[in-house]
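Chain naming follows the written order as A, B, C, D and E, and within any one chain the residues start at number 1.
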Amino acid sequence: KTPSNTMVMAMNADDIISFDPAQVFELVGGEMIANIYDRVTMHEAEDLTALVGGVAESWEVSNNGHTINLKIRPNQKFHSGNPVTAADVVFSLTRVVKLEQTPVFLLNQFGWKPDNVDRLVTATGKMTLKLEIPENLAPTLVLNVLSAGVGSVVDMKTAMSHEKDGDLGHEWLNTHTAGSGPYELVSWKPNEGIIMKANPNDRHGAPKMERIVIRHVPEAATQRLLIEKGDVDIARDLTPDQAAGMAGNNDVRIQVDPKGLLKYLQVNMKDPDLSKPKVREALRYLVDYDGMANSFLKGGYIVHQAFWPSGFFAALNDKPFSLNIAKAKKLLAEAGYPNGLDVELDVFNSSPHPEMAQSVQATMAKAGIRIKILQAEKKAVYTKHRARQFQMILTHWGPDYLDPHSNADAFASNPDNSDEAKLTGVIAWRGAWEASATTGVTADAKTELDLGKREGMYLALQRSVQMDSPFIFMFQNVSQTAVRANISNFVSGPTFDTVFFRNVTK
Amino acid sequence: MSLIQQITEMYTPLLNVENLNVEFRNHAGKSIHAVRDVSFSLGQERLGIVGESGSGKSTVGRSILSLIPTSAKIKANKIALNGVDLLKLSELEMRQFRGNKISMIMQDPKHALNPVMRVGDQIAEAFRLHNRIGRAKAKQKVLDILNDVQIRDPERVFRAYPHELSGGMGQRVMIAMMLIPGPDLLIADEPTSALDVTVQMQILAIIDDLVRDKGMGLIFISHDLNLMASFCDRILIMYAGRIVEECRASELSQAKHPYTKGLLACLPTVENSDQKLTTLNRDPAWLE
Amino acid sequence: MAGIIDIHNLDVHLGRGKDAVHAVRNVSFSVKKGESFGLVGESGSGKSTVLRAISGLYKNFTGKINIDGKVQNQHKGVDFYKNLQMVFQDPYASLHPRHTVDQTLSEPLQIHKLDQVEKRIRTALERVGLGLNFRFRYPHQLSGGQRQRVAIARAMILEPRILLLDEPTSALDVSVQAEVLNLLTELRIEYNLTYILVSHDLAVVAYMCEQIAVMNQGQIVENLSKDQIMKSNATERYTQQLLAASKGYDRDAAGKLLQF
Amino acid sequence: MSFWNLKKKTLSSGTVVKNRLAVPLFLYQALQFISSILLTFLGLTAVTFFIGRVMPIDPVVAIVGDRASSVTYERVKLELGLDKPLYEQYWKFLTDILQGDLGISVTTSQPVLQDILRFFPATWELATIATIIGVAFGVPMGVIAATHQGRWPDHLIRFIGLIGYSIPIFWLGMVGLLIFYAKLDWVSGPGRVDFFYDGIVENRTGFILIDATLAREWEVLRNAFSHIILPASLLGYYSLAYIARMTRSFMLEQLSKEYIITARVKGMSERRVVWKHALGNTLIPLVTVIVLSYAYLLEGSVLTETIFAWPGIGLYITNSLFNADMNAVLGGTIVVGCVFVSFNLLSDLIYILVDPRARS
Amino acid sequence: MKTEKTLSGWRDWLLAETPESALQARLSRIYLSWLSFKRNPLAVIGLLIVVFLVLIAIFAPWLSNHLPTDQNLADRLQPPSSKYWLGTDELGRDIFSRVIHGSKITLYIVFLVAIIVVPLGLFVGTTAGYFGGITDKILMRITDVFMAFPRLILALAFVAVMGPSIENAVIAITITSWPPYARIARAETITIRHSEFILAVQQQGASAWRILLKHIVPMCTSSVIVRLTLDMAGVILIAAGLGFLGLGAQPPSPEWGLMISQGRQYLLDQWWVSTIPGIAIFIVSLGFNLLGDGLRDVLDPTNN
């Protein structure tokens, strides 16, 4: 029932707050700008594993890894018709650093700060530029970061023509776009939807779908009705059970794509009981990993017990833990809790989190750990998490870019565990975990230039965190996208930066 | 008695009620025999019905119009108006009688008029329900009748809403409304008991004149013995649903039934103020 | 004047703003101890308002109200009410529908913290001619006359010296009215009570009262004694008309009525 | 029921004292209305501000997200003025709003006013159709129930109403969609209009039905109607249940009044007695009921809006609340509150119009 | 009083024209109300449903054949069968047992709302109505603010602040639902504050608070209670709505609203997961509604 030149997609799009690449860090928003802005480097739909040039055609890394020279792909045009030049790239990168929005930390780790970035990112010609990286970083890491949203190249002329009070066009770009990617934003109506139109001058060739329509449909069951009815071509937020329920429907196919999103439990090391190693070990045996993965999570999640998702470089696929109540009981008794203990568990109020929490609650109860579930809106749970005010939390994390450092930095490293440090972006810090054994290794690993050695270091880090940390990694997400049978080539990569609309055909 | 029988034999009476019985059912499911074996007939005269509260006066009046709740049981040998037995009429036919042939003036004009409709429209409605007539003509008719009931400023009253009228005015409007179709029989259920004595006098005078001029029959219901004696031609005295006595109004003071006598003796006056008032000793035999 | 009740130049305004009504104008009268004083007048003439001002229910009056030699100010203490009680017009509305007779009668005793509750209730019931078996009935289980007796018992239970009666019988049948009037007469003699009786029924007032004031439009038109009424000896036209009208229907008289 | 108690006791007689301050009644009422709006407005904003302060959601986190570093965090906090004391923030809000500035919503990056002008008409349109349905069916049902008190039509109508009272709306909504949209295909699915009709008609009033009519785009009108009819019917069912019940009880009250007997005495047909005289009087208290239930619908129903993906004000305020987007919550609350107060005024005005007793 | 009474003896005692004690008077009054209540078949059905709910709540542990929180992931989403009479939910819990145990929570909600809303509404309404003037103005303005506030926002905010739990959800509901009660009580108070029986107690020197508590409040309670029973369905539904948003009862509590909301994603394939608690809510709210309608006819002061 949808027009043949249009792809209509139903999803819960209420997390979009901006379209400015310097600010966007939300799942849906990230996905949108990935299709609107070309990045400096990219993983392309045709081969998700290879990091290739986007706006940049090629690059040279100096031996010490501190300097990267980029060459811009010729004959690219922004939606406005302006040519893409080195100046635009410099503008885009420095803009992110100067605006200091959420994703800025990605570039901060290069050593780029508002006061030095103009010096470190410079155009060396009309189509060439030089990036200087003061920090010691593996070049792959740097190039990976440039494939994230912060690497989006913004049309400088257009942006600056809408500048207000020195905001580098931020306010205008919140609701408009100025990119060179396959699609261009036509309209964004919060709580209603988004319309994008194809960029005929896209360097990959004009996309097949002239329009992309995103309909904000918060209720998963409604999404299912819509796709079964053919009023949308793709539905994104079906639960595993709903996906399974459509097995008999020949008009709809379920497309399965592994994702980088991890579901994990974390205990707060400030808690005198939960911080005991034996207690934490016991907890690891009190999760019914397989039970959940084979029932209500079936098809939507796979068991994964390390901090870096499987399928990526340096992933650790060991699964040493399974439900073992006797062992857990024994450990608890050894730790001095033969009668168990009471624990509050914070969790999002959206599916499948309450189900997971209830399963955990049921299995932990068998060893005497009495869980009280506290459901709340996502933002409320985040607030508690960042404020270090929780006892146990069930939450999720996905990599910011496709380098293991992204997660190692969050889970295995905690340079300063004091409350005052406010390392709120660091998950280890949020749980008040010193991470004394792994912080150093993490720092070393990110500078290691040898890939083989680097992989070894990350595997070791993962093992260490797996055995002794406040984290219990449980599952890795596998997205189940319901797609009408006549739709093909919807590419959904492991992160929101790698969801591609441009190849979709009907 | 004999005189009345003579009259009824000479003319067909206007109204003839024979053996009327009405039974209600109350909340607790008990049945109340509100009117028992009531028979009377009426010519072109002023008939009064007196009795204390709950004796069934109003019920008699409403039974004639068949305006008793459907839950009540009404039985009678005959309720005939000009020889037509009202009990045998269908609801539709009965509607032709209501207002047109028989009207009833209610006790309290405050509550008996529709508060959100203009007075003139309410009166006109009463007429137009039974006569095909244009608006303007109906209005003229209403103004005329308002004049008849001695309303000084008919135009203003025509446009007024009931709450804008005083009690006496309201009662006049009520009378006008009931008289406008020109009924043969008018039932007045305590039409003046909500009014001050002087206003009461005026209203009674209006009814009195109209009955005389138009030759209507009037049933006048009240519990005020003095008033009855001075206003009606003939009086029925009711007690517990029965007619215990019937007499000419002028002869009320010589009533024979102990109940009637008792009622008369109860009245306080300036003359008997040094004595204790006699009170009524209800004799079960009165219910026979 | 040295009556138990002295009213001097009483004025009462009721309502506010657009609805303001000058309900009582410049009313003065005096009632002697043990006397029964009557107020008659047509509906809305301000009779009840006078009573309510005396009893303290209306606070914004001007003029002097003297009771037992004491000038009454706007705020009354609890003791005031022990001395002066009121009986209302409508026996159907003046009893709390959800209280038994027993509750109704014990309420004043509790308010005034009197002892011997049991005894007082029994005596009060007997005194108004209600048996003890009425004690636990609800108002809806009583007839109008019985209710008015309960209301009188409630007023009497505090053993007041003054009783204000606002149309105590106008909602009752004549036969019942007779009983209640008899009861009121008896009580007055027995306890040497002072009455102010309000009614629109001239016959009732004339029967009960020695002194009668006729009210019209908030003013006292004329003061009459019982004798004067007996002789139909009124000086004011208004009073004469009222006297005539209460004698019964008269076509000729009706034609000559005046508007006041 | 009425806010300003315009019902005044009418006096039978007695002398009316001239009002010294000869303020015309309507002026007095206007003053009352304005002061009432102002007070309610102050109360609403104060309470909302308080809520904002105690919400366990950090507004900064709500904007910068889970991963922001403390630098970003502090900068945004400063930008939002959250470092200032609460009374200062409140004062700034009040002064801004007097200049018509409701601030920027951080969840939509757009001015709150603009958001509300988009979301509120959506809710309004839905509520209006729902109320029309509720009144069109509820009033006659109530009248029929009252005239058949205790007999089967009464029982049936009350039962239908009770069902409306007793089923969770999100459940009914899902089932409704399943049956009428998915299975029977009688109505269009979630949303206000199919996207390919979106943007065809110029947005003049915010009501798609009206805009489409103005633009004579009958296809759009048809499509919008087929979208709105299901959620509106569901909401309408709920208000129908309420309106029918109230109509019934007001009718029963009126039918026991004496003027009804007068009407019958006149020889009027029962139908006319009921539908003209009794209903005429029933409408007076009913107006308040209808207007109030309309006002409640205008708050927006989060549950309905969620199920039907309806971009309404309820969903907007709720979303904003959960994102600690207090500008948006405040704006929404003020709009809903003022609408509520105005509707109350409206019901009083209608009251005056339909009840002659209230006029004098 | 006689010590032994036959059934008809009791009846006569209750219907006595002349009660001999306050107790008999009160019981007789109740009995009479009962007699008239009994004649309304719908109301009796309503009462039966409510009584049934209470019984189920009391005997829940014996009526159910599974524990309400017992998970069995292998048996999840089973349709109704002899083992699971009403099927199982997404975590393999027995829906029948959950519904049975959920009745306790429903009753708890009803109870909590009743004990908060009624006194609060009565207090504000009667005080405003009786004293009038500035007291009335202030109290009514506060009521207006709470009335004009978007109700769900108020409830959501309250729960969000206090933390999600069934108690807080109920308190949140009451915060948003007391204003109509205050208005009812006020309207009622205004109509009776000048009635003669109130004037009579004023005449006896009773203090304002005494009059309020002993004379006015009892007159308002019946209409407030009637409204409460009629609102109960709404309350249960709002509680369910809060559950739907994750702010009501917390898992694994078998609260019906929560069950519906968690089961709604299975509505298309496993209808019973959310339909059964939906039916339970429907029946109970129907019960309360019917009861309320019946009570109104009996308690309505205009009827006596």
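As a working rule, contacts are C-beta pairs under 8 Å (C-beta built on N, C-alpha and C of every residue); 3 or more make two chains touch, one makes a residue touch a chain.
Everything numeric here is computed off the predicted structure, so don't read it as measured data.
Participant: Give me the set of chains touching chain A intersected with the set touching chain D.
Facilitator: Both-contact set = E.
Participant: Could you name all chains that are in contact with chain A and with chain E at the same time?
Facilitator: In this structure, the chains that contact chain E and also chain A are D.
Participant: Which chain wins if you rank chains by how close their C-alpha centre is to the centre of all protein C-alpha atoms?
Facilitator: Centre-most chain by C-alpha means: D.
Participant: Centre to centre, by mean C-alpha position, how many angstrom separate chain B and chain D?
Facilitator: Centre-to-centre distance between chain B and chain D: 51 Å.
Participant: Between chain D and chain E, what is the separation of their C-alpha centroids in Å?
Facilitator: Taking the average C-alpha coordinate of chain D and of chain E, the gap between them is 25 Å.
Participant: Report the inter-centroid distance (CA atoms only) between chain C and chain E in whole Å.
Facilitator: Chain C and chain E have C-alpha centres separated by 46 Å.
Participant: Roughly how far is chain B from chain E, going centre to centre by Cα mean, in whole Å?
Facilitator: One centre to the other, that is 49 Å.
Participant: Note the residues in chain A that touch 2 or more other chains, in rising order.
Facilitator: Correct list: 219, 221, 225, 376-377, 380.
Participant: At least two other chains touched by the same residue of chain B: list those residues.
Facilitator: Expected reply: 167.
Participant: Among the residues of chain D, which are close enough to touch at least two other chains?
Facilitator: 12-13, 56-57, 174, 178, 322
Participant: Quick check: in the complex, which residue numbers of chain B touch chain C?
Facilitator: 52-53, 167, 196-198, 200-202, 204-205, 208, 223, 225-227, 229-231, 262-263, 266-273, 276-280
Participant: Which residues, counting only chain C, touch chain E once they are in their complex?
Facilitator: My answer: residues 55, 57, 76-82, 85-86, 88-90, 93-98, 100, 102-103, 107-108, 111-112, 133-134, 136-138, 140-141, 151, 154, 158.
Participant: Spell out the residues on chain A that touch chain D in their complex, using ranges where they run on.
Facilitator: 3, 6, 8, 14, 17-18, 25-26, 100-102, 104-105, 108, 171, 174-175, 187, 189-193, 195, 213, 215-219, 221-222, 225-226, 228-229, 231, 376-380, 382-387, 400, 422-425
Participant: Provide the residue numbers of chain C that touch chain B in the complex, in ascending order.
Facilitator: 42-43, 144, 173-175, 177-179, 181-182, 185, 200, 202-204, 206-208, 226, 229-230, 241-242, 245-251, 253-255, 257
Participant: So in the complex, which bits of chain B are touching chain D?
Facilitator: It is residues 65, 67, 91, 95-100, 103-104, 106, 108, 111-117, 125-126, 129-130, 161, 163-164, 166-167, 174, 177-178, 181 of chain B that touch chain D.
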